[in-house]
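Several structures are given next for inspection.
Next come two complexes, and both contain chain A; in the first it sits with chain B, in the second with chain C.
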Partner chain A sequence: MTALPQSVGAATTRSPRRRARRPAGLPWILPALVVSVGILYYCIGYTAYISTLDWDGASPLQEFVGGANYLKMVKDPIFWQSLQHTVIFFVVSFALRVVLGFVFASLLHSRLYLRTFYKVLIFIPVVLATATVAPVFRLIYAPTGTLNQLLEAVGLGSLTQLWLSNGAFALFAVITIQVWQSTGVSFVLYYAAMGQIEPDIVEAARLDGAGDFRVLRSIVWPGVRGTTIALAILTAIDSLKTFDVPFLVTSGGPSFATEFLGTQIYRVSIAYAQVGYGGSLSIVLLVLALAAAILINVTARRRERLDV
Partner chain B sequence: MFETRRIRTRVGLQILLTVLVVPFVFPLVAMVQGSLAGAGWGNYATVLSLPLLPGFFLNSALVAAGVIVLVLVCTLMASFGFSKLHIPGKEVFFWLLLACLTMPGVVLLAPLFATVTQVGAYNTLWAVILPLAALQIPFTVLLTRNFVDGIPDQLIEAARVDGANMFQIFWSIMLPLMRPIIAAILVLVFINSWNEFLFPLLFLNTPEQQTITLVPQYFVGQYNNDQTKVLAAAVLTGLPVVIAYICLQRFFERGLAAGALK
Partner chain C sequence: MRFSHLKRAAVAAVAGAVLVSLGLAGCSGGSTASAGSATKGTVNWWSWTPDNDLAGREIAEFNKQYPDIKVNYKKVPIDNYAALLRPALASNSGPDVFTVNASGSFSGQTFAAYAYDLTPDIKKLLGSDWKSKIAPTGVKAFTIKGRLVAAEWAKVGAGNMWINQELFTKYNVQVPKTYAEWKTACATFRANGLGCFAEGLSGTSGFIVDTMHSILDSVKPGLWSDLLAGKAKWTDPAVVQAYQLLANMQKDGILDEGGNGIMQYPDVNNSFLTGKVPMVQMGTWYQQYAATNSLEAAVKGAGVDPATTPKVTIIPIDFPDVAGKGNPPTLFTDPDAGQAVNAKSKNRAAAVTFALWLGNTKEGQQVVANNLDEFPTLNGVEVQFDKVTLVNPDAQSKPLAELTAKLKAATEVRSYGISAELSQALITAAQNVIGGKSASDQVAAIQTAATSGQ
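Showing the complex of A and B:
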């Protein structure tokens, strides 16, 4: 009956008292619930169950081991490494996505030439599959690849690196690829949000003598705050979900330097056939993703209250 | 957002924009260039002459079509229900759906694998279509509910007074009004399903059943890591989405933005 106050409110504002209740809608949402909530929650429940087993995923031999898989995880240095990579990934890619998206959006909200052309160029990486672009990135970062050739050509030969076989650089490579793929999204979101800012306010500030940077800092940036928060949640979830790029470009290596929870779950469950352990990693990943989304939402709301 | 009255600043900003865009275009250029190295267009001829290639494309198209139909039917009906009809505990159902937004596909790996093999769906496209649709519906419902909330209730009440039943209202009043958001969902879901990598990798194991995202890997095996052929294959797999995006660009951005602004 949670919907009741809402319909009563709607009735009193518009139509006479005796307005009939809204027609029943449960059958309308049923298909979505069955396909989405049904499959996904069934899988989560199943995963939670599997995570208490010692099982290879195929054989009829399943041994109940309780929390042993979770204990194993806490003691697994690769698990902590994956988490650390996720945090680094989140911090760096969030900063880059925000800065690049914001700069592109404000530039393309100015009167410049060929704006649609630039927009399309920034967005094309978003629509391309990681599987499609992975070969070219392997080529770019290869020892005799495009990036090193380019560095040689401009006289910075001393900066050439074995990008994908050095741990720190490999992680950096994975992050740049993901930023390359996702800046288009942050750009489009900022672009739309900036479209909602009243041009009058900007005009008035200009008349009062505010320069470009003052306008950006004091009017535009606070004006798109909602988008920045949405991006924080998106990036947090993306960081936890990271799978395609490290899997296809670095396979989690060299020696686990680009291992993320996603690639670890895949390796443990498929290559090592430790489905139970993979299940416990999955449950932790899920809890972290939900917690991150809630945490960012709550802190953003509290800040808002303090601001006002 | 920048003052562009002076021609100097305008040129300066244009140059800044161009410089910033270069890193985004560079890999694309490298990809096309690499695909033309060595045998030139011959690389494409080799890739295109592979008898299995049309199959990869067909499978991807079938997966995309299946997911689109499922997502559209579920999403349009659900957003109408959530936005305009009476459902006890409505917000609870809605939050159950929204919680799925955070769900990484890789988490579903073990249970899906066990279920798929059990029901005999392994190596069929259904094993990819159903979970993909399940993962996309939460987002599209969120997007569409926001949109439908903007359609005035009076329209529906007027139709009811005139004696229309719910199905007629949905079909003849809501659907035509929802056309812009339908277009946005279409592009979004098409691109996501066309680009899906993990589920086809897991559930489709014969080349006859596989989708185009597995093509670059297939070519790595086939051509002994001949990069030019792999890149030519990659360009070919990327073309359909780029074309779809450029044709429907306006809808796509509008849809994405509509979902995030609320």
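Showing the complex of A and C:
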């Protein structure tokens, strides 16, 4: 019997089997590809185009103005005020979310009665719609609202304030509402991350005489670093796109004291019908969000390398 | 060969993007609208005013004449109106009839591109001399580049105030006519644990602009009109004095503190109608709450049981002479609204029937007039107070009739010509002086906004 040439065997036995093993991936990712490429980047591109126009969003008349909207933004004191509020919002809300999320997660990892009930209680604000929460907080922070009534009831009447009428306090009110609504997320993330820490390490530390605070500081806290970084990125993006709470509670006031980029975009695009200018603010917001995410990631990796 | 998969993926991505773009373009394009029947069909009407119960009465009256046209009313909060209307009109499923204002962010001019020209239809209804049969200010406000983009529906006035008669009687407080009398009146209310004059400065609705207008009219009559016409500057010392007076009103216990953190609607409105506040500044539209049925609906809307809540007797009064110069109180007026028809409406003919009926027929204008929230603009239509059930006819009939007469005679412009930026600047200046900043520091920003808004 004449032996078949090796190449024939190789050609006819290898390719069909390989082709059969490797499934076609394109049909599976095509829907997501269409959504992300088609809709997301189309919208970004269209917004960038609008940002070069002087347009009210409804009229067929559109005037190309190039970079004039960006120049206007640089000279706009409200824009810089909005950025300042965003930075303050990020710093304060990040700190509070980390502290509260970490503390709640630590407590609920210990032996505590009704743990499930507390978990639900902490997470409920996350699932409440801001539109239903905002009017409640407006009543709480009203001049004769629940907060002032509570302060007077406990003998702290001297601390009562016109919370939403005073710029500084209004910003504080907006931040506390946002933190109240989002702490559930940081709690869940930290709770899950703490569950991933090897119990042997904790046991070994305890055998060495480490107390609770030492374990939390030296083992748990470094162990959840990834979660903290993720929270930093999420908080940065949340800070930049903050809209619903300041819009519904304070309308960006008083005197723009709680104005954020989101509320400013809404105001100039809708109330002022300056859609082009609103588009330029939107592009800047996108750039800032990307820059914040990259910066936080790079900083975190640099720290990791240093630790190693 | 090696890159065949990548090539295919790239081609698929581009094809996908093209498909989506075509789809989006298809979604955003306009469609040709058929007129449909003028006496049959479903009409979706969007507006920020009137309240649902008043709209129901107007629609019920309309259906007596046109039983086969079903009108669905959607009341949109005024602060969100422009934001919701814009994408709706850009789509193919927007309202058939939408109300527009004479000026501002949802004016006839702003949405003229989406509005059907009503000129031929109004000529058919009222004749070629139709302009002489309705208020001329409305014709001017709603005619954009020769097209009638909205049929004038009603006008409102502002500059007056409203008091809770029960509270004034209970505490034996006289209606104030001067700054000193107002201060005394408020001192009495505050001594009894109440506020006095409540005003909400938060939000974008800008009712504080009416208050500033009243104060400025007290300081220097006629200046407001000159400012809007560009004949005077907002840096005029009288404007500074007006803002200083606003600050003094808070300092002297007239204006309730905390105004920067509350909204005129719903906060001040709900507080006044449920009897918690003695005085507010609202315009002539507020007289609807002098009627029992409207007041009950409003109280219910505030989340309070009207059956167990004492009904407030609201009485209109003049804005006090706060500047002390003896200048008479003023009422200023604008065409409040017009009804526009969506050019893309699939029931355009029925929509035109409804839009024109509301503002240009005797029947439509009569029900509008008797609802009390708006003033008719069709000549020859008056409010029939004998057909309205007032909360307290003995106390309210005469003041309401006097208010109606004043509104009919009013000629000073309210806010026609104020751009959104100028309105915001006026509101921000008021918030700043309420917050303790200097009045003289505010006017430059107002002038800048007035100039750029033009």
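What we mean here is this: the second predicted complex is superposed on the first by the 286 of 308 C-alpha atoms of A that agree within 3 Å, B and C clash if a C-alpha of one lies under 4 Å from a C-alpha of the other, contacts with A are read in each partner's own complex, and residues count from 1 in each chain.
In this text, a contact is a pair of C-beta atoms (placed from the backbone, for glycine too) under 8 Å apart; a residue touches a chain by one contact, two chains touch by 3 or more.
Everything quoted here is computed from the prediction, not taken from an experiment.
Colleague: Looking at the overlay, what does A:26 touch: chain B (first), chain C (second), both, or neither?
Modeller: Both: A:26 reaches chain B and chain C.
Colleague: Is A:255 touching the first partner chain B, the second partner chain C, both, or neither of them?
Modeller: Only chain C; A:255 stays clear of chain B.
Colleague: Counting only touches as set out at the top, which of chain B and chain C does A:118 meet: first, second, both, neither?
Modeller: first
Colleague: Report the partner of chain A that touches more of its residues: chain B or chain C.
Modeller: B
Colleague: Once the structures are superposed on A, label A:223 by its partner contacts, choosing first (chain B), second (chain C), both or neither.
Modeller: The answer is neither, since A:223 touches no partner chain.
Colleague: Could you look at A:109 and tell me whether it touches chain B, chain C, both or neither (first, second, both, neither)?
Modeller: first
Colleague: Is A:141 touching the first partner chain B, the second partner chain C, both, or neither of them?
Modeller: A:141 sits against chain C, while chain B stays out of touch.
Colleague: For chain A, give the residues common to its interface with chain B and its interface with chain C.
Modeller: Overlap of chain B and chain C footprints on chain A: residues 26, 33, 37-39, 41-42, 57, 266, 270.
Colleague: What residues on chain A touch chain B, complex-wise?
Modeller: Against chain B, the touching part of chain A is residues 1-3, 7, 10, 14-15, 21-29, 31-33, 35-44, 46-47, 50, 57, 100, 103-113, 116, 118-125, 127-137, 139-140, 146, 180, 183, 185, 188-189, 191-194, 196, 202, 206, 211-212, 215-216, 220, 226-227, 230, 237, 240-241, 243-244, 248, 262, 265-266, 269-270, 275, 278-279, 282-283, 285-286, 289-290, 292-293.
Colleague: Taking the complex as given, what residues does chain B use to touch chain A?
Modeller: Where chain B meets chain A, its residues are 1-4, 10, 13-14, 16-17, 20-21, 23-25, 27-28, 30-31, 34, 70, 73-75, 77-78, 80-82, 84-93, 96-97, 99-115, 130-131, 133-135, 137-138, 141, 153-154, 157, 166, 170, 191, 194-198, 202, 213-217, 227, 230-231, 234, 237-238, 241-242, 244-246, 249, 253, 256-257, 260-261.
Colleague: Can you list the chain C residues touching chain A in their complex?
Modeller: Touch list, chain C to chain A: 5, 8-9, 12-13, 16-17, 19-21, 24, 79, 82-83, 86, 89-90, 105, 110-114, 201-204, 256-263, 267, 420-421, 424, 428, 431-432, 434-435.
Colleague: In their complex, what parts of chain A are in touch with chain C?
Modeller: 26, 30, 33-34, 37-39, 41-42, 56-60, 138, 141-143, 162-167, 170, 250-251, 253-256, 266-267, 270-273
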